[in-house]
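Okay, got some structures for you below.
In the two assemblies presented below, chain A is common to both, partnered first by chain B and then by chain C.
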Partner chain A sequence: MTLALASLLIPLATALLLLFLRSRAGAWVIIASLLSLIVAGLALAEVVAHGTQTLAIGGWDTPLGIRFELNLLSALLLTFTALVHLLVAVYAERSRHSQTRDTDYWPLSCLLHGSLAALWLSRDLFNWYVTLELLGLVAVAMIIISGPKAYGPALRYLLLSLAASLCYLLGVALLYGRYGVLDIDLLATMIDANHTTRLALLLMTLGLMLKAALWPLHLWLPAAHASAPTAVSALLSALVVKGPLFILWMLWSRMAPVEVAQPAGLLFALAGIVALLAGGWAALRTPFLKTLVAYSTVAQLGYALLALGLLLRWQQTELSAALWLFVLAHGLAKVSMFLAAGEMQATLGSKRVSSLKGATQTMPIAMFAFAVAGGSLIGLPPSGGFVAKWVLLQPLLADPVHWPWALGVLLGTLASAAYVFRVVALAFDRADPNPPNYNPDAFAQWLALLPALVVWGMALYSEPLILWLTEVNR
Partner chain B sequence: MLSLELLFDITLSVLLLILAGTALHVRHLYTGIVLFVAFGLLLAITWARLGAPDLALAEAAIGAGLTGVLLLAALARIGPEPPPRRPPARALSAGVLGVLVLILLIRAVLPLEQGPQPLPGLVSAHLDTSGVSHPVTAVLLNFRAWDTLLELVVLLLAVLGVRQLQPAGYKQAHAWTLLRAWSRILAPLSVIIAGYLLWRGSHAPGGAFQAGALLAAGIVLLRLAGLLPVLRWDDWPMRALVLMGIVVFLGIAAAGAWLGSGWLNYPPQWSGNLILLIEVAATLSIAASLSLLVIGEREELGT
Partner chain C sequence: MSSTLIFLCAGSVLWLMGLHGLARLHHPIRRIMAINIMGSGTFMVMIALANRGEHSDPVLHALVVTGLVVAVSATAFALRLAVAISAHKSGKQQAPEPNE
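Take a look at the complex of A and B:
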């Protein structure tokens, strides 16, 4: 547990130091992310060797105090968070198009890292509320770095995020009033399906779905993620929306009574299918590149929602593995996609998809990164996205009754293939390429490619990943 | 026959509802803000009636006081407002939705009276070992100190977020002589009362958030009267003040994990003093952050 706490403390302390010194040197953040990654990796190794650890903060046992739990999933997510921060920090420090030079991006990204680490470790409903507040505020502060044009989407995000927080808090208050405890495992032993529980779960779910931009509460996401600086878009899509998703998964899979969870699971799964199709369709239609990538986030979150829904519907804990594999694979692929998109958009001088005409000639490495990341989003083997889809499809294909769900996944895959190939096909149109405004920065493009390579490398470690994530629920 | 107390409570609830409704639906924003401040004061009284004086103090200082100043400052920056136009169909659907939510909430809230409440008993059982004798302070700074630490980070993020906006300056009106005279009396009083609240926090309602808000109110008053120079994030003592609460808190947490028995574990013989140290640092940080939020530098940002 000490290692996990260190992984949380390092970015927080770095943020305070950077703020006090008014330093905007990215090197500090890179070193801090690297240290945090090493420590988180050691924590993961410790959990693999010795099993789940818990910590009663301040020495006060539940229900009086707050409990931290470091299980395989938390350790994996800590490592993933540090890895994504490291990859993005290296890009943001090196690229001249990251729009983060001479801004407060650096301390803010450290605070984001710390907030997420606190969220992954906590098992207390009210403490989660505080971490959700942190996430919402830091995300909005990072979006407005890109200047006045982002104020509108950022303000909408802030207001919706506050409304969602209040919804969640009201749900927590109802549960506390009814059962008198806030720890999720204690609640799970006491909870039964009555009016208060149902309304509390409904309120918390609405709040969390709004914060995680799950269909149909996703409408704020494309504008907010597309108007943020490139490095921030990558962090928002890869990490910030996954925080509320984690809490949602915890609430429903660990705490909710079965007779409430099963009907809700059907709704979740249906919303997931619609998200896949609607998000894919919107990504296919939008004229702007970053908006396309943002809509692809909406669509990809549909897989997570579908896995959550089917997990609840059939009470099959193996589907948790599919959910978290999707989250990891999508996070890495989306970092690569946003960085490549931002780099191309800045170099080619237009935000439109049409400006990518002939990009395979003018910016081959960035386009390659986009295509490779897109391959993982579609689920081409042997990428991380393929592994996740494989784990999800296995129970669906096993029984003919479940084939309609598999059809939904197939349609979603076609939609993601359509929007990825829309961009790639245009980029191969080399007859009259759009000339870049600047000399393309090859090194920055390689940095954008790096996360995509990691996500394809995930397939090599798929066996331990699947094994660990399947054990999470036990 | 209604008892006097019940009559008072009913009047209070009805007034609260009326003020909330009118604050939302009044034609002019200025009137809305004034009504909102009045609503905050009444809400503070309501908390006091419900037996939560800590919340009442915080609501009066932050909800009614500083939020009111922030809203008025925001109003000063926006131009004339267009008259609000609301299609009746929308108002109707909002009303129906509101009634529906109300019914659901009432059905969910009514059974709460019988719910088990193990925590108040546990808190009083462990109060002796917490280092303070006021249960709210014991929860905030010992049993659930991690929440409070993160709340301080939330406040820091609010300051940082507003900084990113690079708000434009606006011309401050020349201070009224009476205000200058009054602020010279009120500001020292706010320092004394804040110190008293902070000290009281260990055994009675009060504590860092309330004291910090009061202190900030004094600073805002002095600044509005033109008696204080501009507060700048660029000055290192200001930054040190804003960051101090989190640094002290995190330092104690980490020191406990490294040298002592665990993360945020206070050694029992020192816990009273450690809590006081954290509270003093947090009060100064909260006061500095809130005053930066309300009257911080404007023109120099972004240079």
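Take a look at the complex of A and C:
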């Protein structure tokens, strides 16, 4: 537990330090992320060896105190968060096109890291509200780094995020008023299916779905993610939307009574299928590259929603593994995609997808990164996305009654293949390539490729990953 | 019990009014006010729930205080952003940038 706390406190302390110390901020953040990654990795090893650990903060026990719990999933997510932050920080420091060099990006990204780490460790409804607010405020502050054009989408995101938090908070108040505890495991032992519980769960779910941009509450995401600086878009898509998803999963899989969870699961699963199709369709139609990548986030979150829905519908805990594999694979692939897209957009001098004509010739490494990450989003073997899809499809294919859901997954796969190939096919059109405005920055392109390689490497470690994630709910 | 019920209803009505305002209004300042009304509604529900028994519940009071701190800082941030947007808009009207 000490190690996990260190993984939270290192970025937090760095953020406070960087408010005073402005020079060489990038180097500090890289060192802090690296330290945090090492510590989180050690914490993961400790959990694998000794099992779940809990900490009552300040020595106050539940129900009054706040409890931190470090289980396999939390440790894995801590490691993942630190890894993504490290990769993005190296890119933001070294790329010529990153608009974040001498800005407030550095302390803010550390704060984001700290709030996410706190979210993964918390098991208290109100503490989650605080981490959600932190996450939302920091995310908005990071979007406006890219200048006045982003102010409009940023304010819209901020207001929706605040409304969503208040929705969640009202649900928390109702649950506390009924049961008198805030700790999720204590609530799970007391909760029963009455009107208060249903209303509270509805309010909390709506708030969290809005924050996680789950269909049909996703409309703010494309504008906000596409207008942010490249490094920020990568962090937002890979990490920030996953925080509320974690809370949603915790609420429904650990706390909600079964008779409420089963009908809700059907709605979640249907929303997931629609998200896959609607997000894929929007990504196929949009003229702008970063908006395409942002809509692909909406679509990919559909898989997570589908896994959550089926998990609740059939009460099969193995599907948790599918959900979290999707989150990990999508996060890494999306970092790679956003960094490659940002690099190509800056070098080719246009935000449009059509400017990528002949990009395999002019910017081969960035385009390769985009395609490799896209391969994982589609679910081509042997990538992380394939492993996740495999785990999801196994229970679907086992019983002929479930085959319609498998058809939904197939349609979603086709949709993601369509928008990835839309870009890749254009990039191979070398007859009249769009000439770059600047000399391409090869090092930054290699950095964009790195997360995509990690996600394909995930397939090599798929066995321990699946085993760990399957044990999470027991 | 009846006063608790009145406050609970009033809080819920405020929350709904805030949500309605957020959905229907367009001016940034009005939308920020709508969010604040929503927040006040939530806090009113929490305070009403805290004062049900003989002794008021300190946990809910602590939650409301934390919530107020969050609401104040978020409002300040949103107002600053709204001011920046209107400054940017009026600046653009006076002198259009050449590369716009």
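Following the convention adopted for this analysis, the second predicted complex is superposed on the first by the 472 of 474 C-alpha atoms of A that agree within 3 Å, B and C clash if a C-alpha of one lies under 4 Å from a C-alpha of the other, contacts with A are read in each partner's own complex, and residues count from 1 in each chain.
The working rule: contacts are C-beta pairs under 8 Å (C-beta built on N, C-alpha and C of every residue); 3 or more make two chains touch, one makes a residue touch a chain.
This one's a predicted model, so the numbers in the text were calculated from it and none came from an experiment.
**Q** Can you tell me whether chain B or chain C touches more residues on chain A?
**A** B
**Q** With the two complexes superposed on chain A, say which partner A:277 touches: chain B (first), chain C (second), both, or neither.
**A** neither
**Q** Look at A:152 in the shared chain and tell me whether it touches chain B only, chain C only, both, or neither; answer first, second, both or neither.
**A** Second partner only.
**Q** Touching A:130, do we find chain B (first), chain C (second), both, or neither?
**A** A:130 sits against chain B and chain C alike.
**Q** Under the stated touch criterion, which partner chain does A:169 make contact with: chain B (first), chain C (second), both, or neither?
**A** After superposing on A, A:169 lies in contact with chain C but is clear of chain B.
**Q** In the overlay, answer first, second, both or neither for which of chain B and chain C A:58 touches.
**A** First partner only.
**Q** Thinking of the overlay built on chain A, is A:406 touched by chain B (first), by chain C (second), by both, or by neither?
**A** neither
**Q** Now for A:177: first (chain B), second (chain C), both, or neither, which partner does it touch?
**A** In the superposed model, A:177 contacts both chain B and chain C.
**Q** Of the two partner chains, chain B (first) and chain C (second), which one does A:107 touch, if any: first, second, both, or neither?
**A** first
**Q** Just which bits of chain A does chain B share with chain C as contact spots?
**A** Common to the two interfaces on chain A: residues 64, 126, 130, 133, 137, 140-141, 144, 151, 174, 177.
**Q** For the complex, give me every residue of chain A touching chain C.
**A** Listed in rising order, the residues are 64, 126, 129-130, 133, 137, 140-141, 144, 148, 151-152, 154-155, 158-159, 162-163, 165-166, 169-170, 173-174, 176-177, 182.
**Q** Going by the contact rule set out above, which residues of chain B touch chain A in the complex?
**A** 104-105, 107-109, 111-112, 115-119, 122-123, 126, 142-147, 150-151, 153-154, 156-158, 160-161, 163-165, 234, 236, 239-240, 243, 246-247, 250, 254, 257, 261-266
**Q** Chain A touches which residues of chain C in the complex?
**A** These residues of chain C touch chain A: 15, 18-19, 22, 28, 31-32, 35, 38-39, 41-42, 45-46, 49, 52, 59-60, 63, 66-67, 70, 73-74, 77-78, 81-82, 84-85, 88.
**Q** Considering only the defined contacts, which chain A positions touch chain B in the complex?
**A** The contact residues of chain A facing chain B are 2, 5, 9, 12-13, 16, 19-20, 22, 55, 57-60, 63-66, 103-104, 107-108, 111, 114-115, 118, 126-127, 130-131, 133-134, 137-138, 140-141, 144-145, 151, 174, 177-181, 194-196, 198-200.
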